[in-house]
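Below are two complexes that have chain A in common, paired first with chain B and then with chain C.
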Partner chain A sequence: MSTTAPALELRSLSKHYRKRGGAVAALENVSTTLEPERIYGLLGRNGAGKSTLMALATAQAFPTSGEALVFGHAAYEHRPTLAKICFVKESQKYPDDFEVRHALHSASLAFPHWDEDFARSLTQELRLPTDRRIKKLSRGQLSAVGIIIGLASRAELTFFDEPYLGLDAVARQVFYDRLLEDFAEHPRTIVLSSHLIDEVADVLEHVLLLEDGELVLDAPADEVRGGVTTLHGSTAAVLEAAGALPVLARKDLGPVTQLTVRGRFEGAALAAAEAQGIGIEPATLQQTIVFLTRAGERAEL
Partner chain B sequence: MFDESRPIFFQIAEQVEEQVLDGTLPEGARAPSSNELASFHRINPATAAKGLNLLVDAGILHKQRGIGMFVSAGAQEQLRHRRREDFAATYLTPVLAEAARLGITREQLAQMLLSTQEEA
Partner chain C sequence: MTSSPILVSARVQATNRNTFVWVPLLVLGGSTALTLAIWWVVKTASAEAQLFSGSVQAPFWYLLVVGAQTVALTFPFTQALSLSRRDFWLGAMLNFSVFSLLFGTLLWLLGLVERATGGWWMNGRMFAFPLKLEGGVNIPEAGSPWYLLLYALMAMMALSVGFAFGTVYKRFGPAGLTLAITGTVGALIALLYLSIQGDWWPTLQAWFPLDRFPGNVAIITALIAALGILVSWALIRKVPA
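This part shows the complex of A and B:
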């Protein structure tokens, strides 16, 4: 490990926008620490504050209060720190007359760890025409430009904001495969912002969930997965098995109840419930996030 | 490939165990590295490493500095022993529960077991 400072430390970070009728909190009092050499998922619904968080972390916007430290430094106008950050925006703007090769060349100058061979092979694999003007690219090709820059820059802290928009299934798999391969050889901190949770679930080590500007979940992906369980069976048996576990959803059909609770059923508890004829189904990461978002829970898993 | 509702590192450990148990990974063989597992399964390398470490803790694999992880001597027997111990809970308990619901007696069950064996 090249450094001991966290890759990113957010301290009570808030961003309020003025709007008619008062201030709107895009981000409210977010504190967390991202360790070096890990892949994080920044999840949440549209408008939850994901892009705002990334803009503040990368010094592209000023916080209303709090601070963001990248490897121990505030990035604002701090060249050595800025050189460690790559932010692949959902809709990156380029000069009007820029061709793909100009964008890649600019990136090669901006990022000290840029790997030209890697960029070239990604360009071929994603079938990106390098002499085409960026203005003329399709949405998927524009995403491909971002993916190439994000991966080939090998920046110590790389943000991908919804990097797959418009990409077909093949190109998305190329992205995940190259990301994991290159991460294994050149570990760095990667933050993937996404609302397609099932697709990125296996790639993530840690999950950050934003809801209405607040950080409502900050936990290892493996702890989140299966942390919500759906019980199905006769109402009395289901309610007894659920005990005091917090209920997230309930559906009744005659004498049968389907109850979704926050909690796990393993070992003896699982055997006892199954012996009562109760069907037990742990939720996937995506389902868990959906249930937690709906329930608006504010506790740690 | 994975059961999305259970920790992936746990399933990685199970898969490697399975290979040791059936001899695909004989004792002394090098187990796949966390990076190999990560790129094969498209999962986070840390998750794969966590799965392998479960097997190191259990004595199934051992680390050789700078070379990799290897299947320990006696690993296959150890796994077989554990699976035998778990056999009743894993396989017989659900069968007995279903039999009870259907009103199948233990004697009838024993009869079925013997005749199934003959057919197989």
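This part shows the complex of A and C:
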């Protein structure tokens, strides 16, 4: 058994906001454990509670109940724990009239493992104008500031909040490549929040899915990926191949049926189905999650 | 990491030289130049005119804004840099203190220039309090060391009062800020009303005798600054980023 504490441990974490007509739950009783040196995806629709979860974990906000432990200790006002964390919000505020270079210089002072050369090469690759005022940056350039601080800080627990927002295709690829390269050299715990699941799917080792403030999925990405399969072929053959697997969606077009089931087709099952002339297509992570959450919504009705 | 988080916090907050160097100098330089220009016009029209100006107050209004923005904008950024709330607060206080001391020194030195040049060659009074009070009230001449203390304390007061209201805003939102400002103004009016109704003036004069004028102003300024500092400290520990 490993003796190191989890990178992040959430214990019945809840956050309620007072609104007219009662309290609104931004996060409801979330418990999970994030192991060190892995890449996590914090997924969910807009307003699902992703930002709230990250703000609570990093003590930037205060929970209504429950607690969040970073490497075994609450981050709130605890210098050694805070020094292990980096969380630049998607809607991060910067001091008035700050230029990009001011923000990067500040980060270089604050983060103990800051790599200045890495920051400089990322700035060049992402084509970020360092003498431009942050107020004047485009959405993509603003995301780039957060990406550079997040990567170059090399913090033991790094959160990227919607890092792809506004980035062009080249910049997305730069982030993806540099993240994986640097992670290989300097393993650490990384949490990527995103509502665009396919954008981050390839990097993720583990998936956390939030729905209306509740953690509805907490599983290794490989287990989720391919957990939903679409079968396509003659109705009788498709139904036979699907057997007792739970059906998530069915579309009939004359003698042909397209059936989406919860389950995977591998080895003998895959060979047998293909021999019957059935097209087998594992769902992407995003499709899987969409099917699973819709199934959840139906089950609630 | 080589330096303490408090120093890191102070350096982050002073990273942009505009905040504590260029803009205060610009405001001070601008208001001074404008005053001198107006004086020159007045002097041309009437050679005997007595020239007083309160233009030196201009930078202090700017400092009120700096104090508020430190919480509204700089604080969330220090949280992204994983600095503790305590280190943010201590860094801010360190910067405010150093700035106030230097700014007080600058204004005092300008007062010395004012005296040496015979009131900017026009017998004007700008870097001393532009007051004329009756009966033995001791208002120091421009360049008096009193002004180093007074202006430094006034800078600290402006910064910490702005800071305190900024903290109220971050903690309780726009409604809380409005309530705090209205409440403060309301309390001051009520105090004024009570002091007139209750005939408190003799008592107040006994507490703060006019013949100890600069010292009293220093004490009152320091008390208001201390109140701002206390309020901000009491609130900052529970302010979300």
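Following the convention adopted for this analysis, the second predicted complex is superposed on the first by the 293 of 301 C-alpha atoms of A that agree within 3 Å, B and C clash if a C-alpha of one lies under 4 Å from a C-alpha of the other, contacts with A are read in each partner's own complex, and residues count from 1 in each chain.
As a working rule, a contact is a pair of C-beta atoms (placed from the backbone, for glycine too) under 8 Å apart; a residue touches a chain by one contact, two chains touch by 3 or more.
Since we're looking at a predicted model, the values are computed, not measured.
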Problem set entry | Clash or fit, chain B versus chain C on superposed chain A | fit
Exercise. In the superposed arrangement, which partner chain does A:Ala110 touch: chain B (first), chain C (second), both, or neither?
Worked result: second
For this session: State whether A:Leu82 touches chain B only (first), chain C only (second), both chains, or neither.
Result: second
Exercise. In the superposed arrangement, which partner chain does A:Ala283 touch: chain B (first), chain C (second), both, or neither?
Worked result: first
Exercise. Which holds for A:His102: it touches chain B only (first), chain C only (second), both, or neither?
Worked result: second
Exercise. For A:Thr58, is the partner it touches chain B (first), chain C (second), both, or none of the two (neither)?
Worked result: second
Exercise. If you stack the two complexes on chain A, which partner ends up touching A:Arg38: first (chain B), second (chain C), both, or neither?
Worked result: first
Exercise. How wide is the angle at chain A between chain B and chain C, using CA centres, rounded to the nearest 10°?
Worked result: 150
For this session: After the superposition, pull out the minimum Cα separation from chain B to chain C in whole angstrom, please.
Result: 26
Problem set entry | In the complex with chain A, residue positions of chain B that touch it | 2, 4-9, 35, 38-39, 41-47, 50, 89, 93-94, 97, 101
Exercise. Okay, in this complex, where on chain C does chain A touch?
Worked result: 1, 3, 5, 8, 11-13, 15-16, 18-19, 69, 72-74, 76-87, 237-238, 240-241
Problem set entry | Contact set on chain A toward chain C in their complex | 55, 58, 60-62, 77-79, 82-83, 85-89, 92-99, 102-103, 105-107, 109-112, 149, 155
For this session: Give every residue of chain A touching chain B within the complex, in rising order.
Result: 38-39, 176-177, 180-181, 183-185, 198, 201-205, 221-223, 225-226, 271, 274-275, 277, 281-285
